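In the two complexes below, chain A is the common chain; its partner is chain B in one and chain C in the other.
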Partner chain A sequence: MWEKVVSYIPNWTVFMQGFLAFLIPYIIFNVFNQLKSEKKKESQKETNPNSSQAPSEHYTGDYTLDYERIKQQIGHNWDVHFREFLLGDTGVRVAIIFLDGLSDKELIEKHIMMALMQNFTDEKYDESSFKNGEVLQEFIKNRILPISDLKEEQDIKLSATAVLTGSAALIIDGISNALILDIAKGKSRNIEEPVSEALVRGPRVGFTEILSDNTALLRKHGENSNLFIINFKVGQRSKKELIVAYIEDVADPNLVEEVKRRIQKITIDDVAESGYIEQLIEDNYLSPFPQVQSTERPDRVFAALMEGRVAILLDGTPFALVAPVTLGMLLQSPEDYYERWLPSSLIRLLRYLAASVTLFAPSLYIAFVSFHQGLIPTKLALSIMRAREGVPFPALIEALIMEVAIEILREAGLRLPKPIGPTMGIVGGLVIGEAAVQAGIVSPVLVIIVALTAISSFVIPQYNAGITLRMLRFIAMFLAALFGLYGVVIFFLFLCSHLVKLKSFGVPYLSPTVPYRAGDWKDFMVRMPLKMMKNRPRLLHTKDSTRRKD
Partner chain B sequence: MRLNHRNARFFLGLLLPISVLFLTGCWSSKEIEELGLIAGTSLDLDTDITVTNQFITSETTGSGSRAGNTQGGSTQKAYKNVSETGKEVLPTVRNMLLKVDKRAFAEHSKVIVIGEEFASNFNLQQALDFFLREVELRPSSMLLIAKNRASDILETNEPTKIPAFQLVEMIKGHKRTSKILPPMTFAQLEGKLESNASFLVQAVVSDGDVKFSGAAVIEGKTKKLRGFLDEKEIEGITWITGKGQGGLVKSLDKETHQSIIYEVLSMKSKIIPKVNGDNISFNITIESEGRIGEQWVLSDKASDDEFIRKAEKTTEKSVEHLVEGVLEKLQQEYKTDVAGFGNRLRIEYPKVWEKVKNDWDELFSQVPIKCNVKITIKDYGTSGE
Partner chain C sequence: MMIAQDRITTSQAIVVLVNYILATGILTLPRFSLEKVKTPDVWISVLLGGLIAMIAGVIIVKLSQQFPEKTFYQYNQEIIGKWLGAFLSILVISYFFLIAAFEVRTMAEVTSLFLLEGTPTWAIILPFLWVGLYLISSGINSIARLFEIIFPITVIIFLLVAFLSIGIFEIDNLRPVLGLGIIPVLKGVKTSTLAFLGPEIMLLLIAFMQKSDKKKAVKVVLVGLTIPLIFYIITVVMVIGALSVDGVLTRTWPTIELMRSFEIPGLIFERFESFLLVIWIMQIFTTFTITYFAAAFGLSCLLKKNIRIFMFALLPVIYLIAMTPKNINELFKFGDMIGNAALILFGMLPIILLFIARLRGVKNEA
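Then we have the complex of A and B:
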């Protein structure tokens, strides 16, 4: 009896394998958990209010004292200018403080100082009333300064900050305020067509680095009183304007709240670009897929707003963010809607094809050439065989050499000055492709596949989505080299299970495929005629779901 | 670490795909240029079985044409035939490892040629068992029977050609002539062998050049080669089965004794079994539409209705002649049913078939068969003369 039981106990290698099969997922699970708990700790820290702020100083109304104190604050800066003068013929001492380069000097000279320095005695006010600070302040505000954006600021520190962002501060003897005049005028560039998202048909307009220009572009898109543009300040050390834009009677209020909440939670000393925001508010920072769309095109942003999405614009960058995003959106171009539906649909299908070529072509090559030669049509098998004769590397190494080479070429072409970039790309590509084949390091078939892969990845309208796919391609290649077609299938399953779980601001990344919404398929792989696209995407839970009424 | 419900699900979900990786036994990476593709195999009977494999390797492929360019007609061939002898097939094939540096790879194998000697001395079900069983061999590969030595079929004088692939291309011609049988794949062969039915296999002959010539008759009971049919008889078989997709029929005009060539566009046949007590008989109805492909009769116009009717009549005669010819040979000489009469009987009279199926081939040779041909000439081409 006992011997019979023993005969069924497998030998130690089976136990070892079982142990490994348990251990590996266990370790991965633990690592993920560790990462997650760290993130939680971070977010807990964020909720602690940092209430350790220096006691504020206020203006006293004593000119000499105030002047000294603000000079102490920012006077050491080379670009901060202090100009003292007398207020008209009243003899009241005035100082204007502004930042060279950011403030509009011409405006200061021609309109502010001119107005203040000339004799403006009025019959209503005699000189004695100017001794009264309140009256003087009102008078200057109401009668003298032709400035639309004017604030009173009591706090010295805040007024100093205002000066540093381009406003001019006016300190007047006897007034316990500083007048902050917003006359900031940064150098802006012209509105140009965005380089990274060029279209054949569509507006030749891209965002610039000036936030107000960008919001103006959105406003200019069409009359819409429901376009809400809400501002936030981000960055703890260097503060920046950030705008959340949405259409009030379309966007899901929960979504808007969620976006606002995440933005308010951002604690970082400096936000250099909207990429920072993107990385700080995204759902899953371990995912290779971009979960927020970044675009330079106002028309794209506006179209997203009309679908009930939320846009985030940051001062100082032409890249606006759109959330939530789905995988389908990354393969769409605004042109799909500008052109007629049949060509658009075909081009869209072509993009899906190109995306799968990018992802799978090299790995399928490896799988077929080193595992499943029987699956290649006989004549093709013969010509691949002939081509690979004398190649000293296995298919994986061969493919890796070429794929890495082409990635290097791409990166180099990007960094090089514009006139040489393309030339280098062509020359490098030709030299590497042709010479590597001649030297017998790689086979010509592979060069075709690598070139096809690289070109396909540029078909994807979103640059970062293209990079994602190119990155994943390498994982697919390794799995193909290890397990053949089976590995490619496993890779695909992993990818699918990740994508199904991934969410962008509560919206499933794979929608409308999973969860399935037949209605949303009208604008997914194919772009149905506009006459049929009557509703907004249902997954966004828009307040107003109908787009067209008949 | 606490495992709450969600974590546990995540954990189990992760476990599934990862454990799949451990289940793999498919560690079979082999580079394509290290393979020797087996394009075709031939089996001969000398004192033992001689197996010849036609290998295509990365060295031989394309070398025919390349050598032709650089060295002015060098003798290096695009293939390499390797022979080995043994008592059984698989051990013999394995012994080739001793001679060939490449890993034999049979998934692209197209054709298996059996020599006449081999086929008439071995029960094919036993002798071909390896080929039917082996997973690497595609069931779509074809069986051919050589009229002399099979290994000669896999040789050619043209160094750039690969004989095994040529055979495959040639058999595609069965769509345009009724002298070639549709290919007998291993998938079909298995069924034929299991059902104990007699059947035909395309025969090839090599006298320097490879040529399709007639068909080999495999007897259902013994599963051995019984004999050969010539091309004319194959045509008869094709008309009986109605499986042809093209072909020509030549007939002679009665008055002038000049040829009229009828080109088949479509072919239909029906074998109707009749059972009357113990007497079984068959009626074959053949219908065909076609056109006049060529005619040597100068006195008549092809556009003439009367001539057309005359041509139809003579063609019908010719077809009847073909059918009768092959039936006589099958019934009198070979005593095998390879044209599917038994199958029709099985379908229409299953009870009768149960009784007769054990010695059907014997019975078949006694059965009266009547043939009825109807030819319709649809057009006479671009010339009315």
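Then we have the complex of A and C:
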């Protein structure tokens, strides 16, 4: 009896492996936890750089003093201009301070200075109100300056900041205020079709770098008094305007609150592009999948708003962010809704197919060629083997060479100047395709697979989603080289495990696939006729769930 | 407890149950039951086995519905006292991680036989365990969602390969129906009932279900058992119909042999065992993860500690148990042992517990 029990006790190697089974994930888990908690600590630290600054100074009404003070603040800048003159025929000294390039010079010259310098002939104006600052100020505000956006500022520092963002500051002798005139005029470019999201059918409109242009594009989309556009300032050293847009009677208030909360939590010196925002508000920064959608298309943003999502626009970038996002959304294009439902559905199915080809084609090739030749049809196996005859590398190395080469080619194609881009693409493609096969480095079958994979990855309408899949493809390839088909299955399970855990602003990333929401499937793999799509996606908990009433 | 925010819907509960039941049985059921029955009437035993499992499942549901907000680990102490309850919990927990170990090892055996000759068993098992750990570390909701992905894939591929094998299906292999009477059929009932191990997960699952859905738990069991029943009957009928009774008895994994024995020229793939193996590995993964989770959850309920600790602690335990059987025959014997234990643990015990609960009037309406 005892001996029998003893015979079942595994030897020490098995115990070691058992220990490893525990140790490796334990280490990984702890490392990742460490990473996460560090991020939390960072965000908990309340940084407040403004608090340590010198006490604010106010305007005194003494012209010379005020002038010197503001000059001290910003006078050293080359692009800040100070212009002193006299107020009409009164002899009151006035200075206008503005920024060259940002402020509208023509407006200053033709309307502001002109109005201020000419003789006041108004009969209501009399000598007595000269010395009395208040009256003068009201008078100038009410009767002289034809500027719509005008405010009074007592603080010297704040008015200096306003000047630096493009406003003009007006200092008048005897008035303990500066008048801040918002006459900023940035250089804007024309509205063009977005380069990264071209459509055959659909508006040829893309966002620009000017925030007000972008919000105007959203407003122009249709009359809707419930489109709320709320502004925030982000960046601690260099502040930028940020807009949160949503449709008040559709979007889930909890979602809106969550987006606002995450934006307010951002503590960073400077926000260069909306990508910064995306990375600072996403749920899981260790995931390879984009958890916020970025798009240049106003129609796409507006469609998302109508579904009850929230859009974030940042000044200085044409890329708007949409949250929450699901995996399905990344495989959809606005065109799906513009074309009729049958072609759209087929194209959408094609995209799903392309996505899975991108992910699995090279790994399946490796698995079948190096492990399970028996599982592919004999003739096909023979022709693959014949093609591979002279290839000196194992399938993994062979595939890696090609895949890396094609990635390099893609990256080079992006950076190359436009005139030589296509040429280099063709040359590179030819070299990799033809010459590599001729030289016997790779097999022609693999070239087909790699080309198919690369092309497929560009079918995905979202550029960053395509990159994600291409990235994951390499993991699949390594697992396939280690474990063959079993490795691919393990990869699939791992990927799905990750995806089901992932959430974007509280919405499961894989919805509506899982959990099953049959109602939302009308707009998932296939796009049902618009007549049938009566409801907004349920997963977003919209306030008003009906899209159309019959 | 983490129950409060982590709810699943009725359909998710059904999918979890189906995925839990479907596991090794698809590959082994035809041979195991045929060894006992020895006539082509196996499908009748499978049908009976499914019905028995349904009855047992309904009893389990009735028991759990007395305590809708609690899992078995919590309410058994209310029924039969602290110590006996704890003892029962330990038995159930052990059952769950033994099943997990058994499934893992079976998966490793089949994989190394058909897909990865020469790869050491530990190399096959370890990544499998780790992916499982990764999944269950975020609770029942993620598990249910993953199962929802795997479920349609399984159904589609299974029906596809079953349909394709119709070419070598001979109805004569299934005749005569009840040629030797009903007695042989009854001999196979116990074996086929074991293929339906799974309703016991309802002991936990009801506590995780959404409040409004809890009343539908009986439906969950019935639907959740009908789907595997259809799967199993299709499998048994197809396998016996194609390979004949003698052919099945001589093969260790008759279902895979069935897939190997036909070729459909003209398609990209001529043979379909790789498809079957892929969905089968996924099914093993689902069974493994849910039992692994059930065991870890039980331990955390029993010892009142964070579930994470037990997830990690169970890994080496499951690994060591999985490596203990020396060969495939011992593995099958091991499987039999677990099955017998399950019959007592989940066939008899819930009736007794339900009886005691009713008698003592313990109830927890929450």
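Rule of thumb we're sticking to: the second predicted complex is superposed on the first by the 536 of 550 C-alpha atoms of A that agree within 3 Å, B and C clash if a C-alpha of one lies under 4 Å from a C-alpha of the other, contacts with A are read in each partner's own complex, and residues count from 1 in each chain.
In this section, contacts are C-beta pairs under 8 Å (C-beta built on N, C-alpha and C of every residue); 3 or more make two chains touch, one makes a residue touch a chain.
These numbers come from a predicted model, not from an experiment.
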Quick one: on chain A, after the overlay, do chain B and chain C clash, or do they fit? Just give me the call. clash
Look at A:N30 in the shared chain and tell me whether it touches chain B only, chain C only, both, or neither; answer first, second, both or neither. first
Which partner chains sit in contact with A:I384 here, chain B, chain C, both or neither? Use first/second/both/neither. first
Taking the superposition on A as described, I'd like to know which of chain B and chain C A:F15 touches: first, second, both or neither. second
Contact-wise, after the overlay, does A:C496 reach chain B, chain C, both or neither (first, second, both, neither)? second
Regarding the shared-chain residue A:V369, is it in contact with chain B (first), chain C (second), both, or neither? first
Contact-wise, after the overlay, does A:Y486 reach chain B, chain C, both or neither (first, second, both, neither)? both
Answer with first, second, both or neither: which of chain B and chain C does A:V514 touch in the superposed model? second
Once the structures are lined up on chain A, find the stretch of chain C hitting chain B; candidates are 94-102, 112-120, 166-174 or 292-300. 112-120
From the superposed pair, tell me which chain A residues show up as contacts to chain B and also as contacts to chain C. 17, 20-22, 24-26, 29, 371, 376, 378, 483-484, 486, 490, 493-494, 497
Okay, in this complex, where on chain A does chain B touch? 17, 20-22, 24-26, 28-30, 32-33, 369-371, 373-374, 376, 378, 381-386, 388-391, 394-395, 481, 483-484, 486, 490, 493-494, 497
If you look only at chain C, which of its residues touch chain A in the complex? 8-9, 11-12, 111, 115-116, 119, 122-131, 133-135, 137-138, 142, 144-146, 148-150, 265, 268-271, 273-274, 277-278, 281-282, 285, 312-313, 315-317, 319-320, 323-324, 326
Would you tell me which residues of chain B are touching chain A in their complex? 1, 7, 10-11, 13-15, 17-22, 24, 26, 28-33, 35, 37, 56-59, 61-62, 105, 107-108, 110, 136, 138, 165
Please output the residues of chain A touching chain C within their complex, sorted ascending. 8, 10, 14-15, 17-22, 24-26, 29, 371-372, 375-378, 380, 483-486, 489-490, 492-494, 496-498, 500-501, 508, 510, 513-516
